[in-house]
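Okay, so chain A shows up in both of these, paired with chain B first and chain C after.
Let's look at the complex of A and B:
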């Protein structure tokens, strides 16, 4: 497919927007079923140790209580399928498996009652006795275990010793939380011994695999639906305890059960982005060319057992630093620090958002040290191939992103000296960073069905993949309407149901690149079959007429995207350049982002409207990462200090700068898939935080290396820095 | 019995006195367009209109709303004719996952009604007045564009 297709890449209207603005979109917690019972949870009051006894006597007497589950009476559940790729849970143990506590807030009892109010009240009456054990909740207090996988090339140590210019700096990121606006929710319902689950998930097939194993059912006896999900940002991949327990309770009660996490439970029990401590060592020639890059990361993980099982979930910071810049000597070392906290998980651009915070920050320092323009330094170290594997990128346009972004921002007018621009009581600073995210693609299948309908045909596109707000509904409609040359209103898209053709989890910006080509392939098959009924090769294709001639009322075809073959000759990667302006008032420690320009190469854009929204949202996610978001745990009680939205600060309307996002046109990655598209959901965040910190340095000459860049940190850094 | 008037319709409900307006709408009247994002008045997803003013329904008890007119997202459209704010949200792609959207729309409509001279509302003022409605997807620039479109 080329960009000459009439609709690919143009702005469409988000096709599910109408039902969203009228309140008709049904999210998991909106499902109402006859006899619905409601769950509430009791979370552990200790961070480590054992449950000695759970006294449910008072709770059982409370009005409306139907069932209380603890580890004493939860009943058997099968092994969970962790490790085989079919489904994932945060804990290899099923919930309420035993008396062991690994983190504060871990579910120790589930109360199910006739109403949510009764369930919440009864949960408050459950009394739990514990045997507490010592715990650690701060990454700086914990001991690290080195992971055996140490990607390296060349000889970093020797190069670092011999280089004319070196940088050796420590960057950190706090625990941050995906914190989607929709709390994690499940409604579980048994119908004739088969399980139906409405879930807030990124992966209906993962849920299905976990639930089928847990209940000893074949997969087809478990149906999971998620037509609408209220954001996720990585946090709804795992099939969590509340989902499994809802199914347990529903079976026991023979009634549907609704299980919705409270916001405090989301922020305490749903895995966050792990904290990191990153040491970056750079060696460079005087002209800025990199000779060596050593990246040593400590990130936190769940329990020691997680490490012993050799399956610690860690923040994969070095995935991006090893590939991005031409540099002959490279080494990445990773230590994991077990903490008594909910097991960390994915959060938008895992690894890239953290790894680039450190690497791009260090590069800005190298630019200052070498007297080079930060953009010129990136250009000098540009690599047109994956720097680690040496594979050339099939389609790579980063230099154009740099040039175009610099032009739109006005970068050439930047005076390199800090404290060079002032406006009233604020210092103005400009910074930039590279944005990057790998191209991901997974096996997927899509069914396209053409039905005879009054006045023509109607097309239904269906796949199990999920639209988290990412724009998949619209992207599939665009691809199919374009391929079959039909008006958009004749296309319906069905998503998020295990009964639909299988699709991968929505993650790693993979889904459009996986299912859109499959939809195109299905359309190609349909076209071929129907065009055979033309009377002449130049006869225009009227699908209704051709269906009639074929004697068919409908016709369908499945298109697939295959797994990526081992030994691909090319690498596939998205890139971008992000430029930021900040206003800093040093006396108040206040940083305001006033302007962000980003230019991206994400391959062929399928739909301009939703792609633009994804990139804008990514930038704002980066603003939150940079200035606002952190979870700190009380060292005495092991609770997050910020377990609500008044404490865990998300960017709000008033935090929004002027954002200008653009992508390169006509740059399809044609060997990646038939459309040439890569994802755009995560790359928008990746360069924002380092660009902001670099802009702050440019504004006032103070280097901040710990996220988030809060006023207290800026004031402390100012107090320590020599005044110019 | 609690008497509620919602979107012009009168209802008599047998409610637990602890029931919030939000839970009454969602669990007892089936009006699930109003969302529960935090249950603490911190996210704005549950914003509804009470006598034309924006109210966080998770912080309002249902029993206290008797004799008032409650408006929800389901009551904005007249048949197939959407409210101008709903149309503007579609045209500006002022939503992504859609979970905060009903609250944003309800808040935006009431916010415009709060000011006497709408045209004097600049971007900074709109952003400030809308800051009680969080959007994790980051649709804010497009929400602002939608509100500006309706303001003029």
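Let's look at the complex of A and C:
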């Protein structure tokens, strides 16, 4: 199949759009089963300590209550798999394991009742006595533990000492929350001692592995379904505590149990993006060429036990900083700071969105220091190979992204001096940054089946992979319709079920790159088998006719994508260039993003509609990261200050700038997979925040290094700056 | 959420009497504020008396005043052409707040009776005198970025969040009520919201079971040139970090009279009479506005993280007055 096929890369209609807007798409929380019972939770009121007693007497008297689970009566659960690649849980300790409290909001009791309202009411009647212990919830108050394997090349210290130009700066990012629109939801149902779970997850097979282990079942006896998921951004990779508890309760009650987290529970118990403190040291020649880059990150993790028990979570900031620019000397150091908070996790572009905030910011400072244009500085340090491993990229077009982006934006008209553009009450600034995300691909399989139907054939494409709203349904339909040269209406796609051919978790922008080539491979097999029934090699392929000739009512094939071989010669990476215009009204602390231009190289685009929305959404995510989003915890009382969407601010319509995204055409990464596609789900966010901060500096000459760039921070920085 | 009974109010007198009779009963209007607080476990009324069907949904106007029913929707008030012409600050304040959906649902009385957004008030586990009198005030040692810089007490520092109330504060508005015992009151808006002092649990002077029936805006020449200016974290759909409602009566480039109230920075709608006084007779120019803004914030007290609000509010006052003075007419 060639990548110049008629449909690949063009804008398709989302095939699942109609059932979504008409409410027919069934998300986990929409599942209704006979006898369904409903769960609600009691979250810990303290951040650290012990539960002394849980008094459920009043709650048990409340109407409709069926079951209350606490650590005293939860019953046995097996060990949970972790880190062995089969499934993940946020805590190796199962929920309600003992009396220990590690963070505020941790589930201390589960109430199941006939209705959600009765469950919530009864939960409010549960009385818990605690023995509180001292806690730390602020990364700046915590002690760090150094992680051991430190990537390095060359001799950073020596280079930093000798360099003509050096930069040494601290950048920070707060705890940010993925906030998918669909809250985390599970319906657990036991059917003849087998478990069926409808879950809002990024990974049905991960769920299956965790649940099977927890209940001592073989994997086949656990079925997990997630045909539709309403966003995730990394927060649904782990099998959540409430999912396990729903299955416990359903077994105990011999009734299906539905558990839907409240927004406040999502915001306090689901792992967020870890807070980081990053020190970047750069050494450069006078012409801007980098000599050394040292990147020291502190990021928060869960409690000390997390560090002691096993690999703690760390925000992988250095993943990108070590590969991006040509630089002979590099060193990364990583400390984790245990805090009494829910264990952090991966949030859209983990590592890139945080690491590039620091690195690209520091580069902008280097450009100012050296009197260089920020774009010219990037060009000067461009690397056509992974700067750390030295492997050449199989397909790399970053310079083209820079050039096209600059042209679309009008970058050449930029006057380098800060405070050089004004319009009415606002200073205008232009900034830019590099966007980057690795190409990821994992083993996957897809089944394609052709059914003889009246008037032709119908194709069913099936895989366990999950569409988070990102566009996999449409991408698979496009690939298969194209490969079999059939109209789109003839294709049905089935996703998100452990009974379907296995696929990896949706994460790291990997899924289209893993699953679409597998679908293509399946189609190739089918074609080969059916084409054998042609009467002449030049006879056009009519699948219905060929099936009839073969005497078959249907035919199917499974296609697979393999794991990447360890000794690959090439590296695979997506890149982009992002340009931003801001308007700043200093005395009002106001920063507004008015224009964003992004040009990306993501390999071959499979479907233009969903790729575009991924890139647009990524940019918007970046605007939120830059200007608004932060989860603050009161260091004295451990209160998560923003536990709803009126307080945890996401961009609203008025915050949305004019966004222009473009991708390079005809740049398939052909050694990466048969289609040449890498993912586009995350790269859109990666350069936005640093480009905004550099635009703010250009606008008013003030450097902001702590996200988000809120009015109070801008006013404080202005008060300290010598300019005004 | 605790189970509660729901009653639809039939007449003004019955509704007031029904709440008056039951200590744990409350009025329900659009529900956009109260229901949230019930779900959080902050309020737990045993009964809700719905006032939305009461005959309090009209805006009556003549050349002396506007009489606004308590159940007029915030959107309805904002869109009224005569309100827009005679009291533009009301419309601007309303449109600067909430979302379109919330404005369609919520009422004028509910708006001025909404509770603080202080996160400790909204968390049943935290010490909060406003929620549980005598339990303490977590903000005093906790996260105070959003706390008030004006009107606070050692017992409470919570910002009163209503934009509409900030506008009403400069309009000589009057609140009409019906009490549960059948009496009625006419309450000047000026004293309607209370300072927290040592009883922060009471936001207003209303008694239990006292139903707001109307708001009155007397016709006011100065209100025709009035304006609301608000700064918030997000570009829209967000509460004020600092806001100002202002009105100017100008004659040949001089200020004959001025009105200024602050929002987002104080424990109640904050009228700035000294600042208003300072403007009278002055040229309508930046220097006078700056001096007035300094006076408006003269008594402000910063805590650990909310000091920026003082500087910000000064700029907001200057900006509001400058924009208004530059308006034709």
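Assume the second predicted complex is superposed on the first by the 719 of 724 C-alpha atoms of A that agree within 3 Å, B and C clash if a C-alpha of one lies under 4 Å from a C-alpha of the other, contacts with A are read in each partner's own complex, and residues count from 1 in each chain.
Methods note: contacts are C-beta pairs under 8 Å (C-beta built on N, C-alpha and C of every residue); 3 or more make two chains touch, one makes a residue touch a chain.
This is a predicted model, so every value here is computed, not measured.
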- Name the contact category of A:552: first (chain B only), second (chain C only), both, or neither. neither
- Task: Could you say whether A:25 touches chain B, chain C, both of them, or neither, answering first, second, both or neither?
- Result: first
- Message: Just to be sure I read the superposition right, which of the two partners does A:711 touch: chain B = first, chain C = second, or both, or neither?
- Response: second
- Partner chain in contact with A:169 - chain B first, chain C second, else both or neither: neither
- Message: In the overlaid three-chain picture, which partner chain does A:117 touch, first (chain B) or second (chain C), both, or neither?
- Response: both
- Partner chain in contact with A:621 - chain B first, chain C second, else both or neither: first
- Message: Which chain, chain B or chain C, ends up touching more residues of chain A in the combined arrangement?
- Response: B
- Which partner does A:639 reach: the first (chain B), the second (chain C), both, or neither? second
- Which holds for A:33: it touches chain B only (first), chain C only (second), both, or neither? neither
- Message: In the overlaid three-chain picture, which partner chain does A:670 touch, first (chain B) or second (chain C), both, or neither?
- Response: neither
- Which residues form the common part of the chain A surface touched by chain B and by chain C? 117, 121, 646, 651-654
- Task: Please name which positions on chain A make contact with chain B in the complex.
- Result: 13-14, 16-18, 20-27, 29-30, 32, 115-118, 121, 179-183, 228-231, 233, 260, 262-263, 468-471, 609-610, 612-614, 616-621, 644-646, 650-654, 656, 659
- Message: Help me check something: in the complex, which residues belonging to chain A touch chain C?
- Response: 45, 63, 117, 120-121, 124, 264, 587-590, 592, 628, 632, 634, 636-637, 639, 641-643, 646-647, 649, 651-655, 710-712, 715-716, 719
- Contact footprint of chain A on chain B as seen in their complex: 16, 18-19, 23, 26-27, 30-40, 42-43, 45, 72-74, 76-77, 82, 86, 89-91, 93, 95-102, 105, 126-128, 130-144
- Note on the structure: Per the touch rule, the chain C residues reaching chain A in their complex are 1-3, 39-41, 117, 119-120, 123, 125-126, 138, 141-143, 145, 231, 233-238, 241, 305, 308, 311-312, 315-316, 319
